[in-house]
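The structure under discussion appears below in the form of structure tokens.
First chain written, first letter: the chains are A, B, C and D, and each begins at residue 1.
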Amino acid sequence: MINKEVRDIADALSGIEDGQVVMVGGFGSVGQPDALIEGLIERGARDLTIVANNAGAGRIGLAKLMEAGRVRKIICSFPRSAGSVVFEELFRAGKLELEIVPQGTLAERIRAAGAGIPGFYTATTVGTLLARGKESRVFDGRTYVLEQALHADVALVEAWRTDRMGNCIYRESGRNFNAVMAMAARTTVVQSCGMVAAGVLDSEAIVTPGIFVDRIVVVPETANARIAEAGAA
Amino acid sequence: MINKEVRDIADALSGIEDGQVVMVGGFGSVGQPDALIEGLIERGARDLTIVANNAGAGRIGLAKLMEAGRVRKIICSFPRSAGSVVFEELFRAGKLELEIVPQGTLAERIRAAGAGIPGFYTATTVGTLLARGKESRVFDGRTYVLEQALHADVALVEAWRTDRMGNCIYRESGRNFNAVMAMAARTTVVQSCGMVAAGVLDSEAIVTPGIFVDRIVVVPETANARIAEAGAA
Amino acid sequence: MIAYKSLSRKDLAARIARDIPEGWYVNLGIGIPTLVADAIPAGREVILHSENGILGFGPAPAPDAIDPWLINAGKQHVTLNPGGSFFHHADSFAIIRGGHLDLCVLGAFEVAANGDLANWATSAQDSAPAVGGAMDLAVGTPRVWVATEHTTRDGAPKLVERCAYPLTAPGVVNRVYTNLAVIDVRDGHFVVTEMVAGLTRDALQAQTGVELMFEVPEYA
Amino acid sequence: MIAYKSLSRKDLAARIARDIPEGWYVNLGIGIPTLVADAIPAGREVILHSENGILGFGPAPAPDAIDPWLINAGKQHVTLNPGGSFFHHADSFAIIRGGHLDLCVLGAFEVAANGDLANWATSAQDSAPAVGGAMDLAVGTPRVWVATEHTTRDGAPKLVERCAYPLTAPGVVNRVYTNLAVIDVRDGHFVVTEMVAGLTRDALQAQTGVELMFEVPEYA
């Protein structure tokens, strides 16, 4: 019987090695797999490239991972925000590479990786600093830039409910980048707020079919909230 | 109050003119908006380009539209199939242009149109007759061809349940091309099996948000089945 | 000098809201644009889109009714209106990039008479500015309105001949709502269509970095 | 001539099913491949994908339990297993093109020793062949197995040096299951790993359009 649930966070993150590309879901703190991020810090892999919308806030989660010196590069749309103190320090000190990608391009590059599309064109960034070095092309009289698929070794995703087959649903605005990152990595690890029996999730409403998911670890909502709060304290 | 429901099929199809590109959802007969196709035949617009997975079967639906001489060109993945007699006749007589597009490329070109992506690369067709005349490009040592977005003037879609805001859910394998075509047309017309009050459809399970939908006409499932049967008789 | 009263941020938001018809799909940026949500006249259905995957979000919840899973792109707690829906980030930006929204209202550091918008980076030397969804919105949305104070806190004009700040997108702004005036962008010119009571053309021009055209009568 | 018994279509399907481990995500083409679905050993979970937006479909329903909304890509009525899901066509081919399936099993007009597959058009002069999802499957799936009779009805070989029919995709086939043998495609060669009882190497070679390599003992 297929069963993608693993015993604990350490099992869920096994195989993550130095130098890998790790996608981390969430937007703001919603849908962010905090327990997996903590586990990644404990695991100790270094020289990581992180793909996420933000570059962390405070000294928890992604910021803590960066502060621990594990991140070589971050690919994100919104690095500098209220509370992005760790990012600022490291970036100013030249200890962190940064690739700024407009949010829609970031989402589409991730989806492209999942969909077997190596490159696509978008009008976003045309005529701006962020188009520097990008190839451009005209379709129907309008200029677009070429963007390439963004793949990952591992995606860390938070879902609301999952089943043993790996099917996921998300909750409200917790869906965000999680559902696209789940498609784009060689190994997709889901931090689930709860397991249900196969067949319980509505077949019409499954957002991430199990085919995209490799491992699931259950972290109840309350436990995840405690991690976030403990970090913030 | 927003209300996208229109009175009848004629209202739903108003504005469709000669020479337009019309997308028609469905795969096989499932999710095919038969009543809208009948309405399109009655409307009389000519010189149409039809985008659909199939080129019709028997002498009903799309086949009837073609037999009536209204279609200049068909863009599809599966033109010749059991029962595609009208297509065969017209095509052999040189009365119908054909663009064969692999099914995945067809779906992605339609999605690209809806997503503001004018072009993308895919490995599908590389090294085959269907790559003739296509621009190719190498990413990471593998060759891909450039495919362009496929836009439409009108998309004819069948949905299972809709609300006045235009939100749609589909039923089982009836989702198919309908959900992507709904994104890709200037005007999206939905043949709905039934209306529900706004807020009844599960916000997590809405497949086509109302923003993609312009008009809805209710055709109960039984009525649609009668149209299909009458045509087949 | 003739007396005039510039609009408060709240009144500016209300002024913008007045121009949004029922049925439009609208994305509101951070800052003054966010205030537009609360200013839409009661009973007028305008559907708000948020980059993080929401259509049809509603006003902030009561403090005791906050749903931690439901925030907008500005990371504020919101509610969901009946008929609202959730989707993932790629679908959310398919909506934006695909031109499906009717309008976005954005803040700005500078707007140029040719419609250029600068609202993300404060200098070309800033190597880590946060772009977020601003470029996608500016490029993808058929109507881009800017909501801004007419000048910076130091009194420097924000409406200029050419933007000095890095562009968010070239030639995209259709209209600017400031605390002093409503100004269309037409064929490379700023055209003033409305001014606050008591303001003179000269006084508005004096606070603007490029020559204005006027479709409003001089103060009388 | 030594007696041998070629596999029936059903036995061929069963032979293929034997090699599909639990947990694989599999797309089955029209024809013999479709029969594989019913041949998967009971209790072994293999998840079937259909181009028209289904993961986890199950066997045909009883005639009185047909659900008109639920068909597979071959337009046959099917059922949905617990844990199955529906999605739209672009997502369905994202699964295919993105390399997420473990396996597709396709029919063929011809397979070449270099892995070229021809299974869609019967001649380059046929200007209206139906390609469907064949090219996407052939290109996107990491393992492509072909299920076919070893020869055409006329006895012409289907395993050839170079395909004469228009290609579906070049160099994609990993393995061929015929009614006579199981044949791997390795480094430009067909390598026979299994033959039906009683068949000789020579007899198999005689029905094949290109030189075979053998990893099976000669019939003894």
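Criterion: contacts are C-beta pairs under 8 Å (C-beta built on N, C-alpha and C of every residue); 3 or more make two chains touch, one makes a residue touch a chain.
Just so it is clear, the structure is predicted and the values come from calculations on it, not from any experiment.
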item	value
Chain D and chain B - chains in contact with each	A
Of B-C and A-C, whichever chain pair has more C-beta contact pairs	A-C
Distance from the mean Cα position of chain B to that of chain A, given in whole angstrom	34
Where chain B and chain C are represented by their mean Cα positions, the distance between them in whole Å	36
Centroid spacing, where centroids are CA-atom means, of chain C and chain D in whole angstrom	56
Interchain centroid distance [CA atoms averaged], chain A/chain C, Å	29
Interface hub residues of chain A, defined as touching at least two other chains	108, 111, 115-117, 122-123, 170-172, 203-204, 207
Interface hub residues of chain C, defined as touching at least two other chains	80, 86-87, 90, 93-94, 96-97, 140
Contact graph of the chains (line, ring, star, complete, other)	other
All touching chain pairs, where touch follows the definition stated at the start	A-B, A-C, A-D, B-C, B-D
Chain A residues within the chain C interface of the complex	27-28, 30-31, 77-81, 87-88, 91, 98, 100-108, 110-111, 122-130, 170-180, 207, 225
In the complex, chain D residues that touch chain A	22-23, 25, 45, 47, 49, 55-56, 80, 82-87, 90, 93-101, 140
Residues of chain D touching chain B in the complex	50-54, 67-73, 75, 80, 86-90, 92-94, 96-97, 121, 124, 127-136, 139-140, 166-171
Chain D-touching residues of chain A, taken from the complex the two chains share	1-2, 111, 113-117, 163-165, 167, 183, 197-199, 201, 203-204, 206, 209-212
Chain B - residues contacting chain A, complex	108, 112, 115-123, 137, 139-140, 142, 144, 148-149, 169-172, 202-205, 207
